[in-house]
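The same chain A turns up in both complexes below, where it pairs with chain B and then with chain C.
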Partner chain A sequence: MTPYLLSILEGLWVTIGVALGALCVAAVLGLAGAAAKLSPYRWLNWIGDVYSTVIRGVPDLVWMLLLYFGGQILVNDIAEAFGFRRGPQINPFVAGVLTIGFVYGAYMTETFRGAIMSVPKGQSEAGWAFGMSRFYTFRRMVLPQMVRFALPSFTNNWLVLLKATALVSVIGLADITNLAKQAGAAARGEIPGAAIIFMAFAGLLYLLISSLSLYLLRKAEARYSVGVKRGTF
Partner chain B sequence: MRLSLLTLGLIGAATLAACGKSEPPAPTAAAPAAAPAAPTWPELRVAIDPTYKPFTYKTESGEPAGFDVDIAKALCEQINSKCAFVEQAWDGMIPGLLAKKYDVIISSMSITDERKQSVDFTGKYYNTPSCVVVKTALNLGAEAANFKGKKLGVLKASTQEKYAMGELQPAGATVVPYDAQDQVYLDIKSGRLDGTVADVVEVRGGFLSTPDGAAYSCAGGRIPVEFDAKYFGTGAGVALRKEDTALRDALDAGIKAIRDNGKWKELADKHVPGIDIWGS
Partner chain C sequence: MDKFAIIFEPQNLQLYATGLVATLELLIISLVAGALLTVPLTLMRVSGKAWLSSPVWLFTYVVRGTPLLIQVYFIYYGIAQLEWVQALWDTVWPWTLFKDPFFCAVLAFTLNTSAYTVEMLAGAIRETPAGEIEAAQAAGFSHWNMMFRLVLPSALRRTLPGYSNEVVMMLHATSLASVVPSLYDLTNAAYAIYKTYYLAFQPFIMVAVLYFVLTFALVYVFRLLERRFLAYLRPQGHG
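The block that comes next holds the complex of A and B.
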């Protein structure tokens, strides 16, 4: 039993790697999306709207398969048009990080948009009045204040994203879920109830990561709420 | 053998068609059959879904193993190539083949008309029989009439369900479809079912070899051979892209060669002892 459990444990790094990579992509895309939606330019609003609508309206799994397989077919077609035998292979880790990052970027867009709108407009106006550039104002005045508003919804998105990484087993990555499934199948007949035991172990690992991140994010929330008196209902 | 419907395969095929993909030039690989010295395929990328013991699984140390894997290695040797195994979950098997993530699927994939619309198959490299499992003490033969009044669980949408509905139900048995074969085993244990109709290898690994299945066995060994064509199909083959006809012919020749030289039997005895998995 122990070698199987250890093999599932190896998937922990893949899962954490995909989750953190995707989180970075999602955070960048989310900030860009929020900026686009709040921009005074009509065409930027439109791009932001299309992004968050189309992405959130299609299941994650469909995006994953579309980008990984559909994308590979596209790459092959282009490579073949230029006379190569086959196109460069899309790496499943990169595909997983980009797809999940791309999808959760749309959710982050709404998170950040709401958070930016929660910072009183007078704050940035004060910055501009002092002659700060738009970017500088955003970085020094809006960003530190919006974090407090963004964190609860950010935490929520992160937890959903973490579990969405289980989708990468569809494209063959050896993450926790995939390895648990394989171990369950391999130990069948040797260990009674193997499939359930290993899946439960996988569940435990996810719970461990999410509990740890909840703890850290709660600390961050407290840190960014310094100086704000919390009201109670 | 697995028969889960590969809707995704069809989506993949549709994507291909929708892209208006121009017919690729005949691969230069289709070259001289009469030059065995130079390897035509230096490397063969073989897709497996290692969740199907004893055919495809991973050992404790993470190495791919099983009948499919060993057959793949033997075939690679036959066509003067080297196998590179690629793991792929079952749902994405055919889309991955069409996207050229790998060259062949050797993972117990049943040859079906549905799949033949998007991919091509070699001939079978194995075909496991199915059987009706009931208490050994009943001492029944394999004929349908023996199961009158018995309550049998089957896996939904499986070939075994087709057989049970087509032959056993008219003969007086009650057939109950389930979502997973493991649920059938649980209900036999709980006493709600008298038995099941299942693939011989599957039922041995999942039930007969466990303590719960100790008092059970395959009635009459297997379902009579004459029902194979009508209900159970042609077996598992190597799946490949339709344009790779030269590779298909080479692999067909390879299957014949390992059947003839005894390698196939050696592997079958090693992984699935005591059962004829070539079929009729």
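The block that comes next holds the complex of A and C.
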């Protein structure tokens, strides 16, 4: 029993790696998407709208298969055009991080757009009045203040993203879910109810990560709301 | 571009049609069963009695904190592959159900959607305006009468916008059925074409478009429902 459980535990780092990698991609794309949606240029608004709408209208798994299998065929076609027999294999870790990041970037776009709009306009106007550049104003005035508004929805997205990383098991990455499935198949006949035990153990690991991150993000929320006065009843 | 023609060959269109039917069946059955499960579980969740509410709290905590894929595997590879279940699944109900992979997927989806919906509905019940409850009490409603005539109808209406998100999430979640062997949903139709022709963009783009259209059809239906059932919460215009 123990060696199987330890083997599932090894997937913890893959799951956390994919989740954090995808979170970084999603945060960057989310900020870019929010900037596009809030920009004064029509064509940028349009790109932002298309990105957040099209991505959210299609299941994560379909994006994953489309980009992983499609990407591999594309790489092979390009390699063939240059006279090689076939292209290099796409790394499923990179494919997973990029796909999940790309999908959750669309959700983050809405999170950041709402948060930026919640920061009073006077704050950035004050920055511009002092002669700060647009980017500097954003970095020093808007960004620190929008964190408070973004955090609740950011927390939500992170928890959904974390669970979505289970999909990388479908493209063959050895994450918690994949290893638990394999352990269940390997121990069948040897341990009664193996798959049940290993799936429950895998589920427990996800619960642990989400509970821990919820705790940390709540603390961050309290930290960023220090300057806010709340009414008491 | 000629590669797109392969998608529209009759036998491949047939694959998509079968997949579309399976996806819609999975979605509708899970949503209806999930909704039936949600109401009693929500009443337990908000009952104020710890022995009723804490099991439901635990259920929603575990289901909402773990990936749906794990839940599907738990039921399909876990419960349905147990030797004693397989020994009974030809004769003894309810184990006969587990023989069918479709049932395993529906069971996982039903439990999943009801866990999310319970928390949504419980939130709406807790936010019932105090005046509505006082009005019912002043009119001499009994507790259950108040619950079924007033609190639930009002909370169900206010849950509608959140529930439309959940329905879209469930539509997308049904794509996970494709990981269960011998279940042919929309995503699996695209996967079958990928395997036969070694084409990825065309079949998966086709299936993405189908999901996209379905998503927006659902969003549109819910917009109509909201206009009907939440009319009383809309800001009043002039004239």
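A few comments on the model shown:
The rule we apply is simple: the second predicted complex is superposed on the first by the 230 of 233 C-alpha atoms of A that agree within 3 Å, B and C clash if a C-alpha of one lies under 4 Å from a C-alpha of the other, contacts with A are read in each partner's own complex, and residues count from 1 in each chain.
Here is the rule we go by: contacts are C-beta pairs under 8 Å (C-beta built on N, C-alpha and C of every residue); 3 or more make two chains touch, one makes a residue touch a chain.
Since this is a predicted model, take the numbers as computed values, not measurements.
Bringing the complexes onto one copy of chain A puts chain B in a clash with chain C.
Shared-chain residue A:4: touches chain B; no touch with chain C. In the superposition on chain A, A:218 makes contact with neither chain B nor chain C. By the touch criterion defined above, A:181 lies against chain B and chain C together after alignment on the C-alpha atoms of chain A. Once the two complexes are overlaid on the shared chain, A:89 sits against chain B while remaining clear of chain C.
Judged by the touch definition given at the top, the superposed model places A:202 against chain C, while chain B stays out of reach.
The partner of chain A that touches more of its residues, comparing chain B with chain C, is C. In the superposition on chain A, contact is made by A:169 with both chain B and chain C. Of the two partner chains placed by superposition, only chain C is touched by A:60; chain B is not. Once the two complexes are laid over each other on the shared chain, residue contacts for A:77 go to chain B alone; chain C is not touched.
Remark: of the candidate stretches 184-192, 220-228 or 256-264 in chain B, the one overlapping chain C after superposition on chain A is 184-192. In the superposition on chain A, chain A positions 65, 69-70, 72-74, 169-170, 181, 184-185, 188, 192, 195 are in contact with chain B in one complex as well as with chain C in the other. Touching chain A in their complex are the following residues of chain C: 61-62, 65-71, 73-74, 77-79, 81-83, 171-173, 175-176, 178-179, 187, 190-191, 194, 198-201, 204-205, 207-208, 211-212, 215-216.
Partner chain C is touched in their complex by these residues of chain A: 54, 56-63, 65-66, 69-70, 72-74, 159, 163-167, 169-170, 177, 180-181, 184-185, 188, 192-193, 195-196, 199-200, 202-203, 206-207, 210-211. Within the complex formed with chain B, the chain A residues making contact are 3-4, 7, 65, 68-70, 72-74, 76-77, 80, 85-87, 89, 169-172, 174, 178, 181-186, 188-189, 192, 195.
Of all residues in chain B, only 8, 11-12, 15-16, 19, 21, 24, 27, 50-53, 57-62, 86-89, 91-92, 95-96, 98-101, 182, 205-206, 209-211 touch chain A in the complex they form.
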